[in-house]
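The two complexes that follow have subunit A in common; it is paired with subunit B in the first and with subunit C in the second.
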Partner chain A sequence: MRIRTVALLFTLFGMLAALSLIYAQNAPEASEKGKQVYENSCAHCHGIEGRGDGSAAENLLPKPRDFTRGLYKIRSTETGQLPTDQDLFDIITEGMPGSSMPPWETALSANDRWEVVAYIKTFYDGFKEAETPPKQINLSGKVSYSEQSVETGKALYIELGCVECHGDVGRGDGTSAPDLTDEWGFQSWPANLTQSWNFRGGSDTEDIFKRFIGGLAGSAMPAFEGDSFPGFGLTAEESSRMIELDNKDEMTEAEEDESAQLYEKYDAAVDIALNLAEGTELSADEQKIYDDAMRVVYEKSWHLANYVKSLSPEKRPESAIGNNVLRSQYVGGELPPMDDAAWEILEASYFPLVGQVVIEPRQFNPTIDAVNVKSFYNDTEVAFLFTWDDRTHTTDETDEETGKTLEDALAVQFPVKVPQGPTAPKPYFLWGGRLPVYLWHWKASAPEQVTELTAKGINNAEVQEAQGALKSQGTYTDGQYKLWVKRALKTDDKKDLQLESGVFVPIAFSAWDGANGDVDTKRVMTSWYTFVLEPVPSSKRFIYPPLIALLSVGFLFGLRAFVLRRNSEETNN
Partner chain B sequence: MKRPSLFTICLIILVGSWVFLKFVIGGLISVPIPGSVIAMYMGLIIIAILVHISVEDSLFREFRRPILETLVEDKRRPHRRVLVVLIPLLLLGYTYSIIAQRANPPGSPRDAHPSPPLELTYKDEVIGTMQDVVNPFRHYEKDDPEAFKAHVENGKRVYHQNCFYCHGDHLDGQGHFAPYLQPLPANFQDPGIIPNFQESFFFWRIAKGGPGLPAAGTPWDSAMPIWENTLTKDEIWDVILFLSDYTGYQFRTFGEAH
Partner chain C sequence: MKSYLLASLTVLLACCFVGTTFAADSGSGEKEMLVFPEAYKPMKVNNGGTISGVVKFEGDVPEKKALEITKDKQVCGADEKFDESLVVGEGNALKNTIVYLIDISAGKELDKKAKTEIDQKGCKFTPHVQIVPVGARLTMLNSDKIMHNVHIFGNNPVNKPQPKTRRKMALKAVKEAEGPVSVKCDIHGWMSAWIAYVPHPYFAVTNEKGEFTLEDVPAGEYKLGYWHEACGTNSKTPVTVTVEAGGTVTQDFTLKLK
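So, the complex of A and B:
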């Protein structure tokens, strides 16, 4: 019995191994099938000839890949190398989060996906001409995740200048972020490293490591080749010592000597790397210096990958749908101001934003991921804290095409009157229609002011005559907007929403990223969600349950007494 | 082995049915069953048990015997002690959980496919009655395959310039904007969609979009645009041809086409 099971397992493994071998081998020639699948499922974005110019491409950013250049962002291979077949297969299977490339795992069979891999390789001759298989990145020296490793990685993040594009805390808000373009001249936004669910090539530490070592070919993200590392050829201790000495205002003679020695070692290693790049044969000694230096580079890169991994939550937060609604918490006294620590005890509700593609002009390529919202209320007022990431702080740019002023903004939308009951009509989710909506409109150019609007359509909004019911404060730090708004629960204005504890109120959002060309209808938005001033739990919960428990004890004893009496009566009779 | 008492059997049936409804049917086999429906079934089962045990006096006596024993007999004292603590505790927990429960928002009563109007219009122009209007290019499928192909190709272009953001590359309702829209965009690969509707119904839904729905379809929630504002009549018919051509599903037809 056991032998048979083992044999069966072996057979299965054997078959799997054989299958994967068949798949992993380069298909000699692309088949008619690959062409057919490509034209049916891929060409509308990537173009019939693979130039990334399909009919949908015009409105997309990031642009669909142009296969004729052999430049692939997501690879397991070293910089300058082509991707492996498995890389191409994986990207088709899993898609690219945060872009319009969907996962094809369920829509296409594995066989079809392999056929497509073979077919897209025909668009670039380099695949045919390659004599050796592409050189894969060595993942064997993985440094496991630890506080220490994250700290080391963080220092390296600054040393290497990641900050310039990805920003101080990684929100993709570096000073050069707005000016980056890819090989084809299209805008290339640096990744927001705090939102790993949008990482195109996956969010595992290995994925991050590969992107860093191999670079994202064709995009603005370079590969960090060995000799561009600060302190190349030095050990970790030596390189931090070198930086320490560099930062000293005055050095003693001994320190100057030490610094000079370190620089000598560094320069020698860089020379070796340059010689190697030019194709010079290395001596055994040189090879050893180079190998040692590269080992340090790889180790440091693992630390960096661990640091980047540490910047995002484990997974994308759950959006605030279903019963997961935005619940404002009751507090006894004053509502906490913007920077109060009280806000940190609340978990934010997450409202993912999508491009407004309903009414022209539309926004097909959103740059704002979501709005996070927290709220407190007391007997008379409610306060909200809205946060959202935006790579750029735009207050008054002029749109070249339309001449309109572009600026960052947020609008929070409620109905003017809360619908009574689940079947009652709500206003149209996009700034109302027949039924009006009540809006709070905040603009980055006037961060201390929130304007109340009434709207009966996306192009039909009016500033309310009676203003001033709102107190607000807005800031922009490290690629993140924070907006704090406070309002009385009840107002005298008939055009305002009146709030009451325990009532479920529809809520929706619009946001504008000026640097992405957002203005008027061109924006990102949500459909209707729900918000409630969470009622203070009833004190009845401390009265009725014990009462019922006591009653049940009484009942049980009573029942026993009753049965005992009846039994004794029966015996007496 | 001793045969379990009638009381134990009834208890097993009761608990077993609940587990079966809640976890086997409502988990392994199908989607979770609403609590009210489970309560109804359990009520029926309790009534059935009561009917069974009250058919004969002897049955009833057999049923209640373990209860009476537990209540009075000395050898059951340990059981009694456990029960007199356990029962009140369970009741305490249950009532607390009911009273302290957070209120949840009411579910949406949305009808995903509400009845269309009797007349099909494009902007203000009347095309015909909903039941009779057919796709004017559908006949090319037989009469002129080349022309048909051109219309499908055009529909494909229109789809990928306008619809795929939400309805997806694969027409499966899983475009990159789709996960964060409520209601979710229609999935044309679902065998229950295209075969159940006439092309005129699709024309209506595309032309008038979310705001064109009757109240039962909660027009205020749908992100489907009013496409008659941006697409021509022919473009809408072409997209409809593409939907059935790509998915392989046939639209529902009436009359001789059966």
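So, the complex of A and C:
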């Protein structure tokens, strides 16, 4: 009896699911209702006529989509194809992380979202004229995640030129990154592949695979269709051989023949792909060549997707609150310098940054995701290590509109006096007010220098007369800034913050990305967080220092081993 | 979830501050485009006429702007490269101007088999302005042993990597007249060219001497138009020329910066 009920329920549920799937594939006919929902919820940014030119659009980057051209970035379909209705529905439902497009899952009913899908399709005639449904990307050959696959993907990342825009380690800092524009001439920053939570179309391996194969239409990201792969139509071994031969300074006659043959096969497959793209019917032989070629391409693409997946942490780090509050760790002896392996044992606290939109000029389109912070202290000093990603190293660019100098920078903000107790008022988070704040201001143009400021408002900061209490060092590598700052716990300056173990101290950050037009109040920032010099029970006082000593020695040994191995590898080659 | 909230908040705030910031030039400023006839009928042209002339530049010739080669310097920086948006030769001859018939409705057949190529050599597109017959394949050559990314804008966008192994990359034929549209390489930001997809064969691009020739034009009266990247078009005030059977008409132009 019971079993039957369960079975019945399952069947019913299955039928419902199947029904909803069928329903999900297609939007209803465009209706007055869809127009109404669109005009209430979407037109501010996307415009009444769908041109992406709503009243709020001018402040936004990425720009709101212009629906009149049928170019959609996030699709499950091949390049040059329109999105499916389901693609449009999903984007409305889930929004686009890292852009201003919010998820509408709670604000609009599913019905309303379907109505909107139907309505936005009316802005582009291509939807009506399409005779066949858009061709979807085939996801069936998925290669599961493995270290081997990631390794293969890494080689492809370089071979296919991903590195040119996305950079050596994927932070979106490639040498071509600053010049990229979208179809409408607006700046188009390549994704920082180490921050998958900002991927516009989701961070699953399947999502990455679809973006790679289908491209992000309208943006600078091309589609890696089959024939964009070197050696399309060749087996993986044959294409490596072709490239190997290409790289030879001189070829023997036999090698030249071999190369010519490989190229002939390659060119033939490319021709077939082009004929197919133009709608020519393929012969059975041609179809086989094409299918075999695509199998190789798809397999490579899954390796690449696995590699990109491997570049980000499993999920976005938790903000530095609750259990993740920044706790400076006690060490007995000298504080570790910037490149010391000791820093590796600490888990960084993550401070997400948002655009400053309270005071003009504002920043609606932030490019810096967060600041990561670690800290150690001893009996007399405290050291911090700040890291943050920035796609470009900007030290002295001139803003075309204001004539101001744009440069990358970071400011760390504390109150001058620590509020006594959790309910005591803190200074205003935008660089203070009646209650002043104490600031460390670092600029990329002077990486060895941190200036102390006192501020009573975001436009009311003064350089302190007494400077020099701080030691600092800053570097920029592979799209990431690292800043190390050291200061005495106590100073003689009344305008400085005085630090004491066990006291929770408010801390906040501002950052500027010069290449994104950040200057003065146009910046990204946090509101107040807290940090504490973690008091150590006297029994535990001796854990960190020996650990650090050990680690430093261990690190040196590791390095030595690494160098030795490298050397022997080089001699072997 | 939190970031979503922030995004929504940003949108809301953006809405509140509309108009308080500078005006962006999104979508404003009409694009300077070619004008195509509504319909074109191919026919045999016997004893057609010729329109030829010279396009010159008027005004102070700006100093040649050297392009900043920021990467792949071995291949791209072997010789100095200059911005080609305005190439003025001897006697103020203006290169890279498209001269064409605006309102021709019948004439010689468009050659869809025409070989149209743009070479990428030394990280520069050659030619800078290319006419592509509607229905013909444009072939991108890669004479550099590095990768380029062919990015063609407009209603028939192409955004396609051309690996160093692809010496020739034929592109899908475009089926509608459009242009000129911009061509860029995303890897080498300074690379720039223009393509016009045209529905009839009466288009010419001026050479270094500023010369152009349109041949086999059926006798009649036509509007003669031009387009130049930096000098704009005369679409609103085209010149009228009368072509006689077997005859030659000369029509020169003098263009200024727009």
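Keep this in mind: the second predicted complex is superposed on the first by the 486 of 573 C-alpha atoms of A that agree within 3 Å, B and C clash if a C-alpha of one lies under 4 Å from a C-alpha of the other, contacts with A are read in each partner's own complex, and residues count from 1 in each chain.
Assume contacts are C-beta pairs under 8 Å (C-beta built on N, C-alpha and C of every residue); 3 or more make two chains touch, one makes a residue touch a chain.
Since the structure is predicted, the reported quantities are computational estimates derived from the model, not experimental observations.
After overlaying the two complexes on the shared chain, residue contacts for A:Gly502 are found with subunit B alone; subunit C is out of touch. Contacts of A:Pro313 after superposition on the shared chain: neither subunit B nor subunit C is touched. In the superposed pair of complexes, A:Gly126 makes contact with neither subunit B nor subunit C. By the touch criterion defined above, A:Gly141 lies against neither subunit B nor subunit C after alignment on the C-alpha atoms of chain A. Shared-chain residue A:Thr423: touches subunit B; no touch with subunit C. When the shared chain is aligned, subunit C comes close enough to touch A:Glu401, but subunit B does not. In the superposition on chain A, A:His44 makes contact with both subunit B and subunit C.
Applying the stated contact rule after C-alpha superposition, one finds that A:Glu534 touches subunit B and leaves subunit C untouched. Residues 44-45, 55-56, 58-59, 99-100, 102, 319, 352, 354-355, 357, 360, 364 of subunit A touch subunit B in one complex and subunit C in the other. Only residues 68, 71-72, 80, 83-84, 87-89, 91-93, 95-96, 99-100, 102-109, 156-157, 160-161, 164-166, 168-170, 172, 174-177, 179-182, 209-211, 215, 218-221, 223-225, 229-230, 246 of subunit B touch subunit A when the two sit together in their complex. Listing the residues of subunit A that touch subunit B in their complex gives 40-41, 44-45, 54-56, 58-59, 99-100, 102, 104, 106-107, 319, 321, 323, 325, 327, 352-355, 357-360, 364, 421-423, 425-430, 433, 435, 502, 504, 526-528, 530, 532, 534-535, 537-538, 540-541, 544-546, 548-550, 552-553, 556-557, 559-560, 563-564, 567. For subunit A in complex with subunit C, the residues that touch the partner chain are 44-45, 51-53, 55-60, 63, 69, 71, 95, 97, 99-103, 160-161, 164-165, 175-176, 178-181, 183-184, 186, 197, 215, 217-218, 220-225, 227-231, 242-243, 246, 266, 270, 274, 277-278, 316, 319, 352, 354-355, 357, 360-362, 364, 401. The part of subunit C that touches subunit A in the complex is made up of residues 2-4, 6-8, 10-11, 13-15, 17-24, 26-27, 70-71, 137, 145, 147, 149, 151, 153, 155, 157, 159-166, 169-170, 172-173, 184, 186-189.
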